[in-house]
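Labels for the chains are A, B, C, D and E, by order of writing; each one numbers its residues from 1.
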Amino acid sequence: MSSEMWAEKYRPKFLKQMVDQKEIVERLESFVKSHNVPHCIFAGPPGTGKTTAALCLAHDLYGETYRENLMELNASDERGINVVRQTVKTFARVRTLGEIPFKILILDEADNMTGDAQQALRRTMERYTETCRFILIANYSGKILEPIQSRCAPFRFTYLPREEQDEYLKRIVKNENIVLQQDGLDAIYEVCGGDLRKAINSLQAAASLGKPIGSETVYSVVGRANPADVHAMIKIAMDGNFLEARKRLREMIVKYGVAGSDIIKQIHIELFRLEIPENLKVKLAGIVGEVDFRLVEGASEEVQLSALLARLVEAGYEFKGG
Amino acid sequence: MSSEMWAEKYRPKFLKQMVDQKEIVERLESFVKSHNVPHCIFAGPPGTGKTTAALCLAHDLYGETYRENLMELNASDERGINVVRQTVKTFARVRTLGEIPFKILILDEADNMTGDAQQALRRTMERYTETCRFILIANYSGKILEPIQSRCAPFRFTYLPREEQDEYLKRIVKNENIVLQQDGLDAIYEVCGGDLRKAINSLQAAASLGKPIGSETVYSVVGRANPADVHAMIKIAMDGNFLEARKRLREMIVKYGVAGSDIIKQIHIELFRLEIPENLKVKLAGIVGEVDFRLVEGASEEVQLSALLARLVEAGYEFKGG
Amino acid sequence: MSSEMWAEKYRPKFLKQMVDQKEIVERLESFVKSHNVPHCIFAGPPGTGKTTAALCLAHDLYGETYRENLMELNASDERGINVVRQTVKTFARVRTLGEIPFKILILDEADNMTGDAQQALRRTMERYTETCRFILIANYSGKILEPIQSRCAPFRFTYLPREEQDEYLKRIVKNENIVLQQDGLDAIYEVCGGDLRKAINSLQAAASLGKPIGSETVYSVVGRANPADVHAMIKIAMDGNFLEARKRLREMIVKYGVAGSDIIKQIHIELFRLEIPENLKVKLAGIVGEVDFRLVEGASEEVQLSALLARLVEAGYEFKGG
Amino acid sequence: MSSEMWAEKYRPKFLKQMVDQKEIVERLESFVKSHNVPHCIFAGPPGTGKTTAALCLAHDLYGETYRENLMELNASDERGINVVRQTVKTFARVRTLGEIPFKILILDEADNMTGDAQQALRRTMERYTETCRFILIANYSGKILEPIQSRCAPFRFTYLPREEQDEYLKRIVKNENIVLQQDGLDAIYEVCGGDLRKAINSLQAAASLGKPIGSETVYSVVGRANPADVHAMIKIAMDGNFLEARKRLREMIVKYGVAGSDIIKQIHIELFRLEIPENLKVKLAGIVGEVDFRLVEGASEEVQLSALLARLVEAGYEFKGG
Amino acid sequence: MHDAWIVKHRPRSAKEVVGNRRAIEIFERWLRSWEHAIPTQRAAFLHGPPGIGKTVIVEALAQDLGAELIERNASDYRTEEKIRQVAGFASQYMGFFGKNRIILLDEMDGVYGTVDRGAIPAITEIIKNTRYPIVLIANDFWNKKFVSFRDKKKFLIIEFKKPSVNDIFKHLKKICVKESLPADDDALRFLAQRSQGDVRSGVNDLQALGQGKKRLLFSDVSWLAYRDRKDVIFSVLRQVLYSKSCKAAKQMVDLADVDIDMLFEWIYENLPYHFNIPSELAAAMEALATADLYRGRIRQTQNWKLMRYVIDFMTAGVAMARRKSKPSGWVPFRFPQRIRTLSTSRAERKKKSEIGKKIKQRMHVSVGVANKDVLPFLKIIFESDPSMAAGLAGWFNFNEEEIIYVAGGKRQANAILSSVAN
């Protein structure tokens, strides 16, 4: 098993290699052309290429020496005010040698910074604006202070459409010489949505088993239950067979090594695929919400999931009764 | 894109430039006239001109050298007892040279100081009262110890009325040569209330996109969903169309890059604009509160938001049924 | 505005000036007469004159040189074992020169000392008993080790009765030439209970506005909502008028500059004064507590306060319905 | 008589001695052959040979000096970020002397690590990947961060099938010269499922009684090994004797150190075995779920569980009454 | 005249000490036995509540016997080194005048339990070789740091009890005579009762109230605040359990100045005895559980303002649970058993975790798993099969104490221990 991460190996190096986020790529390329980059905010869900875009931008801008003119910092790692105050300052203070008079600092998970740290960041951005441009990466731009927002050009990244993700994965499959079955591909999309990084990581983990990759492999590798199993369990419970449903639940937990909170999420998803009246779905969604919350608070998985099944049984009665 | 902050650029420099908070300005001008300033507390919500007023006062009092006779400290930055004990003492100890025998120290976010720090502050205020006057800036004066309150003249700042804020923004719009549509103006007020600083910051961020500023731009820039969209989603849910409401919700999250917890806040606001009976509002307010809390505790956003919609659907049934 | 603190200015200097705590004062006077003072514990809530009594005792005992024979230490300031071990020993070791062969050491907030520090104190008290008498000042004597309690004569200070506090304030009012209306006086008592120091501080802060002092002034100065307003809001909510209650709540927040969490505290107080069945009060306390906790956890103030009112409305329904 | 715990004495030393988990053993042997081991995750329920497999792998890899090249760490004993940062680093930093250029670190109960600790672990794994390979042992792989999972080869251990467990036990029986009756064997499987460690411990404890081992013996041993006689406690409560039930509860918690969460799980299971009407069971299950939830947040497990006992008393009373 | 009365009227000889005649007699006999030879018990450990004359009796007897008293206090022997300096020398070498000598180590409670850096072992060591009687004094003999002093063969353990109300009354009366302070018997009896056996506090009160008076009347004393003792708790409890209004139930807590956590335990212990209707018991326990929930939240968030809800539910909440419930007859209030159980089992829990660590080293499991999945089976083996147990004890490297623990008692462990010895 190669120790290289595919997510790295197949990461685009230049803006023009980026297949997705067309509109954004265009705006970034115009920055490269003009040799000028404003402070930016890259906002959007995980795995949509925010960091990749920032790295490509730097690569295109500085060429092969881009590593020297670029710094990546993770705000949530060493959260707090000191990162900003010190590391950032040190980096920003030193002038660059090349043609471009400024460096680029990528601040990942910027929306995880405390308010105080953001205040300090704001002052730092202001002071070093000539020698350093900031690219703030965030899931939610709304969590970044407005005085910072008002200094930055905003970019919004969105999830990859299914086809683009599939294409991407198939390219890897071909290159790595592995076998990915259609149901495996479906399972990856089911589990990862449009989060490309997660999809590639899951593919690599599944590939490490050395077998053709089908849906079971994917689910087991990511520690998620097979939706079909979850579906079956819900049905059994709603048919009134509490004990059998509980057995199935335990089996799934053992078989896929799923954490209780993940099972809940899956029950939530399956709920909406059940062929039951919508008002029943509504009711069940409420119950799932309650149990999800209790698990977050640290309640016992076994007790709470059993309680959930009991509620499903009840709902089943009502459904048939009413 | 200019790197100057408009909130700074358009900040009044002298008391007479302040268009709002008339009564307060008058009292402050009388201090300037008498060359005497007591310790003060400026209390009120963010963006109502507290710091501006303090700076203007100093400017009017000392003229162009006011920077030397003024110190700004943020109590929450370097919170705790040491700020007070050391920085404050050092500053207060040095006598001024000019006509006015005292300096002014602005202590921002004074209500964030710990009780111990405030005790120390109290002693410092007492000791250096001849050479230094304190202006404590706070959101809530109630969080300042009474022994300090009883030493200070209290000033209460309130939100700017809509017209004054609009006027302010329009002046900037004209000066900066940008286009702000009426619905953009409305959106800024919707989002910022009377918080002028926030309004100017949002305007500047929206302007950075280089397009005429309409409501969509504003909402997207500040990471808030368009109230009309939220409103529509609630209505759909209450009409019983759970799945469609859920779809809308997801779209909003992606489109505006809004965090779930922020959507909750908006649902809360829209709730009170719905044309539904009051007892239904009561019920929904309780539900929104519950879900808001669950998200704070770290429950799954997707599960909880579904649960919330489910409760809205239920409420809709009841409303029509009963 | 004078910078002298009224709480200091009007503090009694001699035991005979103390108008309250008659029985205790009488005992202390007999100590003075017999030139003998045992170790004492002065326990009781803040602002009931414990420190004042100790200072007066010393004054009466030593006359004008009392400062040399008296030491005040705050146990919580430099908490821990070292205060006791070192400062206290140094002071207690030096004999006095006057007629009285012992000094007096006032140890404020003695109930904040750690167990270890108290153990060390116990020994010190014993060893230096001939040259030094201790007056331990505490809110709760229960937090002081029994072996120490057993070495001390206990005095419990209680809140000033309303009339005595009023008399006190009226004296100040007359002296300072200000106008205090009856409802202002009532408001001070409401806010400060029998805490005289707090009452005087509030009076001084209110006086600084330079207007006749009514209840509104007092509440606004101390950043508390008027209990009558809170009371009315609860009643309106429990009568089922949700929107009106919410309007009132917002008005209070703006009018008095109160933080939401402080409003909750007041609702909690008012709730036990409502004329509703006793068991309903417990239920409401549960609702208030839940919301209070949610705020502590960082939930949205606005959303949660609405939820609180909603729950009150519901409780009102139940009450009337059941 | 032997002087070892049988679970250790009969623990396989080499991969080829492992009779179970064939597929896994095969993959591990291929690692040994290639002298290369990737980071691994061993996931699966307790007593399925995860630790054994890791130890065997190391033994086969390094031969008799394997102790020096292997480090065992238990995340639940030394939870938190510092273990990872420091202990791990120290170990990983020192190069090995032998043929194999890396050491092996076994991290048991890795799913108990906090998110922060796992983040730190991830970085450590990355940095020291040349000199140290990690085997993470976990019950649920789903609780391990994705970036870590994607760096590890996943292995999923499952419960031993009945025949393999039987074979294992019979070998011990023969070797230790004891008598195990068929019904005893059945009972062990009944009680232990496929948890081999528990099965062997039960066998050894049963053997210590010095009699041929039948089902009676097994049940009695397992019963005694489980100090929480929750069944009896529930009965006592439902018979109306709250004080005695509370006494039992206190013994379990204080004397035997049983965790409250284990007691409640047990109560939940016993509930469904009670001879009471179904709807009462459902009702009680709801209450148990509620208390389970509060158990986490409350200060005292005993108080919370006592409240549950009181509810059982109430239910028992109603049941008999109605 | 400036001395505090507790100093001024301190007993000068054993006869003047209030109460505890039998204890004093035993102690005196032991001290006198040193005149003939060094006894096997080289130290006496006097223990009992504060203010009943433990230190005083040592001083008085030293006086009576003409012995030199070397008195040391906790602050003098926090470390091994210090204790050797102050007591080691004195215990070996004679003074100038060849006088007898008593070494008093007072206030042993103040010796740090865990961080005493060897003070207690050093004291035991000095006692082993001392040539003069050593007297140790503490309030709480059962504290686990004194475990090494519990051996009755090596230490004379004497418990001092609270003197009777009558004894204290007489003592106070004597002082009044000396101070020429006429006093009502009622007043003195009230003070005696109030002192709850603490003679010193009784004398203190007498000075606080009587000094400078022409005559001490009952009305002069009755207003004085109670020290925080049981009867305060009792009246709060009664009010909490039987109040008809929230206000009344809550008020007591504010007025009575008691520790909230302790009060909680008292309510938790006693509540079930005062509710005889199951639904009301359940409601009351529910209220208490809610109060506990807020205690947990306070612990978790460190936000003390939530304390108001703890108080609401543990007082008003409990009181409002009552509809018709009455106790069956008069039920005395009981001391919280949980506190007692917790403190007695603390040492045991620590032992258990030590054993868990040893199992962990042998069996590749965490301490938690060791205690849950291995120890219970080990206990059965240790109870049933001494020879297998002996082997395992060796394998795990258990010490004697641990073997006794796993075997469930000394008696059961004997067979194992003798087998280990072989």
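Note that in this section contacts are C-beta pairs under 8 Å (C-beta built on N, C-alpha and C of every residue); 3 or more make two chains touch, one makes a residue touch a chain.
No experiment lies behind these values; they were computed from the predicted model shown.
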Q.
Give me the set of chains touching chain C intersected with the set touching chain E.
A. none
**Q.** Geometric centre distance via CA averages, chain D-chain B, whole Å
**A.** 52
Q.
What's the distance between the Cα centroids of chain A and chain E, rounded to whole Å?
A. 58
Q.
Taking the mean of the CA coordinates per chain, how far is chain B from chain C in Å?
A. 33
Q. Touching two or more other chains, which residues of chain A qualify?
A. 297
(Q) Give the residues of chain E touching no fewer than two other chains, as numbers and ranges. (A) 297
Q: Draw the chains as points, connect those that touch, then say whether the picture is a line, ring, star, complete or other.
A: ring
Q.
Could you spell out the chains in ring order, with the walk beginning at chain D and its first step landing on chain E?
A. D, E, C, B, A
Q: Provide the residue numbers of chain C that touch chain E in the complex, in ascending order.
A: 23, 27, 29-31, 33-40, 43, 85, 100-102, 116, 119-120, 122-123, 127, 129-130, 133, 140-143, 146-147, 149-156, 261, 265, 268, 272, 278-279, 281-282, 285-286, 288-289, 292-293, 296-297
**Q.** Of all residues in chain E, those that touch chain D in their complex
**A.** 268, 272-273, 278-279, 281-282, 284-286, 288-289, 292-293, 295-300, 337-338, 341-342, 345, 348-349, 352, 360, 362-369, 371-374, 376-381, 384-385, 387-392, 394-395
Q: Could you pull out which chain E residues touch chain C in their complex?
A: 1-7, 49-51, 73-75, 107, 109-110, 112, 139, 198, 200-201, 204-205, 207-209, 211-213, 223-225, 227-228, 244-247, 250, 257-259, 287, 290, 294, 297, 301, 303, 305-306, 308-309, 312-313, 316-317, 320
Q. Can you list the residues on chain A that touch chain D in the complex?
A. 1, 3, 5, 7, 77, 198, 201-202, 204-205, 208-210, 220-224, 253-259, 262, 294, 297-300, 302-304, 306-307, 310, 314
